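Structure incoming, see below.
Naming follows writing order (A, B, C and D), and every chain is counted from residue 1.
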């Protein structure tokens, strides 16, 4: 039971670090952005995990149900907005990648650095 | 009974994911994503009943409506890249 | 039993994430990220977060994949360079996983009602939403009313991100319209009869459903963020089918930018009106004779503002990418 | 009489749900085990229509007449419209890219530029 209760944290750790690995080790800029979005999703997952309650349901009040337990609405609010903000900022990142490609004709980090050093 | 249905759907999701990981062509992956999408709709519908909150079917409805946009986007992606390969060989600015 | 489903879904999630990072073909990675988003939504739903799941559904299925594909048409789709100092990175990452797992040993179990998160503000929200705001969906109430400042900030962040994209890529769009504004017969997927007919039939329903999510957000899962993403997805479908020029003719860039700006300004204006009526900034109780009525009105208007902003920004971003490759 | 009817509806819904699950599962196995792309499209395309009809139909019978049933019906209709369209779009994209449908696995040709390492 202990393992089931903590499995979400394990998944959070692995997802977070998978995204982080893509960010630091991969050279491709789009791959880095995908890694960033995985990293972000891991955080979303942690927050939503914290919001659940045993025997609870989504925090939409049902007047007919007495003594109903509801999940914590606050983390859900934070994550709900963060998802949309996440896609908007990822689009900004992609836009910058597209511009980099137009300037350097490459989206590989090491090649871009080499070109920068040469000029 | 809902549980049996959800287990069948979950197993199918696993199979679809395996297909998406195996490939071998990109079309197989897109096929797997599409399949995964329909299975998600079914899973969400069944779980909404399992939780006894049918008002959450909105979610499955949203997926049923917009899931195929990504497949069409893939089709358009292929068309665009093919058209570009046909029209000019020179690198585009 | 559902807990076991969640474990299975989470395992699939990890597998997908590792596959995304490992795949050398960026196109495959993007396709796999579609699966990742579906799994996230299913997980959120299982974890009792219907609103969040709806957001992830609308954003992930309708917008994220399309945006990534739009960027991929402008960039090479294969990863060329190999990973740098792969083993060093792997060791660091593994060490970090160990540290995080060690740090979460003392964390409360999943769903533990004694967890610190459930002790402070949230019981108050759950008990008093009906009295102060009077909407059944506590998430909407907290989002729009109790934490209105936060949401205002998020709306501005979205607007600023959109402005950033338009500044980085925007010129191409005006060029496209100035050069050749007439829709071409070859554009889009118009020559595919079945997708064309089906999409023309579906787009009104998607927009209608978006409006339902927008205005039903007080009672069920939904609200401005979800509705904005859904409506944007519908219009993106229109643009994919009919081609970029037809879509820009229907909703010109100027209109999209106006929508985005109007939305945020509407949000801010509600706050200012509240102040002028003698309340605090974004305290909607003063908007009507009855405080609860005022809250209702305020929530409705600011959700509308958020919806406008999200639709405008997401569509403007999409068009910025799509018009660039013409 | 009423009781008998209820029983019949109940039994029918369970039968539909289990049949639907079986079809869904068969589709999944088909997608994994079939040898070429087009056979896989076939396997999933067919079961993606039949599975939802049975599963969602079973759920509809479970819930009786209420707003949820209407939503389920809408989901079903939209899935029946979009599923085949997506399958068509996918098969069409593959065909246009030059993947020829073949019966023999060994001669499956992959067009240049789309195969992966």
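Here, a residue touches a chain if its C-beta (ideal position, glycine included) is under 8 Å from a C-beta of that chain, and two chains touch if they have at least 3 such contacts.
Here the structure is a predicted model, which is why all the values come from computation and not from measurement.
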Two chains joined by the most C-beta pairs in contact, as defined above: A-C
Rounded Å distance, subunit B centre to subunit C centre (Cα mean): 18
Mean-CA-position distance for subunit D and subunit C (Å): 28
Rounded Å distance, subunit A centre to subunit C centre (Cα mean): 13
In subunit C, residues with contacts to at least two other chains: 25, 28, 50, 72, 192, 195, 199, 202, 205, 220-221
Where subunit D touches two or more other chains at once, by residue number: 78, 82, 85, 89, 92, 116
Contacts with two or more other chains, residues of subunit B listed in rising order: 13-14, 23, 26, 30, 32, 51, 53, 55-56, 58, 61, 65, 67, 72, 74-75, 79
Contact pairs between chains, per stated definition: A-B, A-C, B-C, B-D, C-D
Subunit D residues within the subunit C interface of the complex: 78, 81-82, 85, 88-89, 92, 116-117
Touching residues (chain side subunit C, partner subunit A) in the complex: 3, 6-7, 10-11, 13-14, 17-18, 20-21, 26, 29-30, 33, 36, 40, 43-44, 47-52, 55-56, 59, 63-64, 67-68, 70-72, 74-76, 79-86, 89-90, 92-94, 96-97, 100-101, 104-105, 107, 109-113, 115, 117-118, 121-122, 125-126, 129-130, 136-139, 141-143, 147, 150-151, 154, 157-158, 161-162, 164-165, 168-169, 219-221, 223, 225, 228-229, 310, 313-314, 317, 320-321, 324
Touch list for subunit B against partner subunit A, complex: 51, 53, 55-56, 91, 93
Residues on subunit B engaged by subunit C in the complex (per definition of touch): 3, 6, 10, 13-14, 17, 20-21, 23, 26, 29-30, 32-33, 36-37, 40, 43-44, 47, 50-51, 53, 55-56, 58-59, 61-63, 65-67, 69-70, 72-77, 79-81, 84
Interfacial residue positions of subunit C with respect to subunit D in the complex: 24-25, 28, 192, 194-195, 198-199, 201-202, 205
